[in-house]
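You will see two complexes here that share subunit A, one where it goes with subunit B and one where it goes with subunit C.
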Partner chain A sequence: MVWPNNPAGAGCRAGPYRRHIVFVSEILSEKTGGRMSDTQTAAKSGFILPRFDKLGVLIAVIALGGVLLPFMIFRANRIVLGEPRMIFEALATPEALVLALLLAAGMVIALLRFRAGLKLAASLIILIALFVLVGRSAYFLTPPDDNFARISPGAGFWLLVFAFALLAADALTRLRLKPWPRIGILALVALAFGILLATGSLNGVSTLKEYATRADRFWSEAQTHVLLAFGSVLIATIVGVPVGIISFRLPKLRAALLNVLNIVQTIPSIALFGLLIAPLAWIAATVPGASLIGISGIGVAPALVALFAYSLLPVVSNTIVGLQSVPEAANDAAKGMGMTGAQRMGWIELPLAFPVILTGIRIVLVQNIGLTTIAALIGGGGFGVFIFQGISQTAMDLVLLGAVPTVVLAFAAAVVLDAFVEMTSTGKPQ
Partner chain B sequence: MIEIDAITKSYDQTVVVDHVTLTIEPSSVCAVVGTSGSGKTTLLRMINRLVEPTSGAIRIDGEDTRNTHAYELRRKIGYAIQGHGLFPHRSVGQNIATVPKLLGWDKDKTRARVTELLELFQLDPAQFRDRLPRELSGGQQQRVGVARALAAKPNILLMDEPFGALDPVIRSKAQEDLLTIQRQFETTIVLVTHDMEEAIHLGDKIAVMDEGKLLQFASPQQIISKPATPFVAELIGTGERPFKLLSLARVGKFVEPGSAEGDPIDISATLRDAYAELLWSGRAALPVSEKGQVIGKITLDQLSSHARPQ
Partner chain C sequence: MRPGIIVRLIAFAVLLTFLIAPDLFEPFFGMLTKNGQPAIYNQGSLLDLTLNHLAIVFAATFAATLIAVSLAILVTRPFGVEFLPLSRSLANIGQTFPPVAVLALAVPVLGFGTAPTLVALFLYGLLPIFENTLTGLVNLPGTVAEAAKGVGMTWAQRLFKIELPLALPVILAGVRLSTVISLATATIGSTVAARTLGEVIIAGLTSNNTAFVLQGGLIVGVLAVLIYDSLAALERWLMARTGQAKRAAA
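For the complex of A and B:
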């Protein structure tokens, strides 16, 4: 049997001495005093009451809430009010039993101080099981030959996903994995969900029914979304890094520029999108050829410009901060050994500033993946199209068809870029 | 030879280096000493034009430094600073190879030179070449800093408090190593320090600076025995003067015929070491040995007469 880890020494086997330490710290942390005699007898007999993991308690409570709320929602058609289905109503009994057992085991593992590796494995298994069973449940609940019924995950399902995603995230933090293993785990999770989707296991779920009726549109909006989010960050990087370099060298320009960019950053996003309609429409109408290359008051152009404007400040300011963080002595030595300004920039300053610049790019990429949804409001396209359609039709499934891929994309971008930032930080003291 | 000719630097109205004139002989060590803020660093940095003088001129081997591009000038002059200034993202080998790379040396020549320097500074190339600076101790980082400054075999080496961050034991070892290397390659060294002890130990000549002015430029003996101003005397410390003077000469020059009792002292020891040994063992004379053979003696009387200005 694996002993629950104690807080004092991760991975340390509980020898008699160690038990004594645990016992003392337990008394110290035991404010009520009511259970003190319990613990004392336990220590005397050599048996330790399992200690609870604080975050684990929270996770277990959330998961318990998930179990008590409806697992699935059944609607006879797309617009009628849903009827809740609890786990044992939503699944065939054997599957429901499996899920119940898995959840119980997961809650115990979350509650107690097990190794982070075990917690990670448990949480990933449960997450995948949850999605598989949602797919099974959708088939189980759909009446035969019924094309109108809509089966969607209920609040209970989402709470369970949240609880065990939290467990996975906590375990990952504790494992302190190196960048490549982190990307590896992300790839494995992506692969697992890819398989689930490709095999059609989830096709009965309402959101995927929405997808099925507009698959072509989904992929073209996905393309637009990626194009807008990544394209705006790419342009912001191409423009922002040189601007950062120049204003780093010219302190007066720096102050003025950062002020302007700060103001842009405070304009609410919808307002900024809206503000751009008039000038761009004017350009399209007056500059010959402008409309030919796609510039117009509404559509992709103003969306791209607005996203670019939002990205510029973090890229420019992180470039400046990164360059400022280059050790004075290293810079002085570089100059003293006869490097020209350009050589210093290329060999010393930019490489040392790079992790900070990359952090800026990560911030704007994640931010823009989310912000791009708003572009739909001015005809820019992207996943926001489904979200706003869904809102106007009060079709939650359609909202999710836009929201879920956006969140997944932002999350994946954050994980990958965080890993890159860490990989490039080798020169810095830890 | 470095000729510094009435060099002046002022920032706005403040004069930081004030009409300094001095000539540094080839293959000699010039120690620039003074309190913090006296303009030592500024003077040093004007030699390789990291600071452009307000007026005056600097000539190296007769050639005005303004006749070459600043960056070309700097590649010919070694530069080592306090806190070593190693590039944190580049390996020890890459750091040392900086100037050879700037000068366009080919790969094999550069690599051979890096190996040679690592060995010279007692750092095993196999072990240290690919390490990052942060994986070295303070003393090792400092040695790599000096090795990097010497990479392209410069005739001149400028050093700004290079041993400032080292603890006393490593510091004196580093000083010895520097002197050995200086003698071997006959490098002209200009070394800035705020420590008079270090200046006396390392310098063939000492330049004492205060508030931008050069107070005295002379050999250590002269500085100790004939300080030009009360400030110079204060820098040396009146109570220390006899011992500092003794520390400048070696036993070899003062051996008398005859012999004395007790353990001998080596001919290469300083008079200060001999004096300390005499006091400690309560003797009036010490036998002097060379390669284990006693060749004569040195007496307390003789030491006393050398512990004051001649």
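For the complex of A and C:
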């Protein structure tokens, strides 16, 4: 199976090669001024929209749609159909006024050509305000002493979040921050949401009510999820990098190995998880001591093995591509200094190939964080447990309880590892 | 090259035989069952499921190709250049969403069945095609564009006669990735009651029948390899036809 999180890298024959090409070309096109300055762009298309930011127009339209759709959904209990509540019905009047003013200001800032830093600040303030007010609204809408009512954010809220997240993403792209500031902003946003959750200001929202009844389970599944996703990538790195180095030296082995790993990637994940049940059950039953260290047909073991199998291709092939892209001159210079083959590998080739290898690790980590949700189908645990429970009970709040942490985890991993890749690539000759 | 083609033709023939007359393979799959479980999927025709699976993947990929290529063209024209950096980051961010989550979240809007699967596959398919089309259009040799301008071509002529044909192999590579991803992801659609080959696998998982899991997985895997290889061959042919064979090899 090929996992969509990074199709190019997780792809098949020649996939990682392409990923590498795209990666380098992105850097090149950005460094050589891929983007025109705002004034240039404005001058070019000035006769259509003189002073407006075109993306801002799109954002304002989406945000307007968000204002016109229900902000919250009220349900008398967990399974009945919801009733829509607009902004002024969902909040006490002063708070609704504050939100309306903030949104209007945000739309104006999006529409006009302000500096990217200001746009970023505005969008972050509005996003945090939206989440704070959703929490307030949940308390406002819950009838006193009612434990059955479920208040969840409506389509309007999600559209507003989408609109201003777009604004934030665009501002961040334009600012072209260095790796550390990017990680810093991620940490700040995480901290803000951490405070929101810790102070209980969102506790009235339906998804958190689902959480409240199964908090222990949530954290144990979270642990399993992280263990499976990170553990499988760790093992794949420990195994895959040496295998990549060896097959870089032996072209015949390389072709055969990449073919086999490619075919593994085409097996759908559910099937691979399922197919490992039988052999692992057999090992647990016949190999002495195997069941003592936790190997069994269902549960964590087949999930870990399957995730490891999917991770191997990107790690191995990125190691090979990275080693292939080491400049000949660097190797020649090292040879001239009298370095042995092993010294060159350790001191020259591996360090130069490192960013590409790290890109491979980034690809599999993000991919595996998503894939781990499937492990729930074979009793492997993880956030997928809540997603599939939610699907079978048509309880969307429960689905969100599993889906949101997975997305957040994958997104954070992508931001952090992308930053690391960039840090290690700087100073590399182009 | 020759033996490769023969192996693939044999694989295709075996797959076709299995889909039309699955009972012929009963002795093989029978080895994997225990306690008299059925060896061949018996809750529907495998051929039907396969065709349905392919139809969903084809429809989603077709729609995704149309939209993704149009969007990529839009953001590489002067009018849309403001959207270029953002659309790049969005394509990147979008790929961090796990498909199960997309699938599950589409259910309240679209109900159970084929619709949420189609939407999830469509959204997922967009990203690789968009990324590749962008790469294809941005990385054209500058001299070609200059020459086209020099001979007085309008922007539409340049787009349809020069840029798109030259970018076609790279675009097709994106379509290929997206198709293979969708083929595998569609199996997950069965958890929200879409009629795909995932049904066979899930039936195997719930009844603890390895034969079902294996046949479902094998059909999807073989289909993926065959489709992947034929699209790759088409790309090589296009590369050779547009004289880009050397660029591709580099």
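Here, the second predicted complex is superposed on the first by the 378 of 430 C-alpha atoms of A that agree within 3 Å, B and C clash if a C-alpha of one lies under 4 Å from a C-alpha of the other, contacts with A are read in each partner's own complex, and residues count from 1 in each chain.
Heads up, the rule we're going with is that a contact is a pair of C-beta atoms (placed from the backbone, for glycine too) under 8 Å apart; a residue touches a chain by one contact, two chains touch by 3 or more.
Since the structure is predicted, the reported quantities are computational estimates derived from the model, not experimental observations.
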Which partner does A:365 reach: the first (subunit B), the second (subunit C), both, or neither?
neither
Just subunit B (first), just subunit C (second), both, or neither: which does A:134 touch?
neither
When the two structures are overlaid on chain A, which partner does A:336 contact: first (subunit B), second (subunit C), both, or neither?
first
With both structures placed on chain A, which of the two partners, subunit B or subunit C, ends up touching more residues of subunit A?
C
Contacts of A:124 with subunit B and subunit C, given as first, second, both or neither:
neither
Intersection of subunit A interface sets (partners subunit B, subunit C)
none
In the complex, subunit A residues that touch subunit B
327, 329-340, 343, 347-348, 351-352, 426-429
Can you check the complex and tell me which residues of subunit C touch subunit A?
32, 78-86, 88-90, 92-93, 95-101, 104-105, 107-108, 124, 127-128, 131-132, 135, 138-139, 173, 177-178, 180-181, 183-185, 187-188, 191-192, 197-198, 201-202, 204-205, 208, 210, 213-214, 216-217, 220-221, 224-225, 228, 232
Residue ranges of subunit A touching subunit C (in the complex, touch as defined):
1-8, 11-13, 15, 18, 21-22, 25-26, 29, 34-36, 41, 44-45, 48, 53-55, 166, 169-170, 172-174, 263, 266-272, 274-275, 277-278, 366, 369-371, 373-374, 377-378, 384, 387-388, 390-391, 394, 396, 399-400, 402-403, 406-407, 410-411, 413-414
Contact footprint of subunit A on subunit B as seen in their complex:
45, 48, 50, 71-76, 79, 81-90, 98-99, 102, 132, 134, 145, 148-149, 158
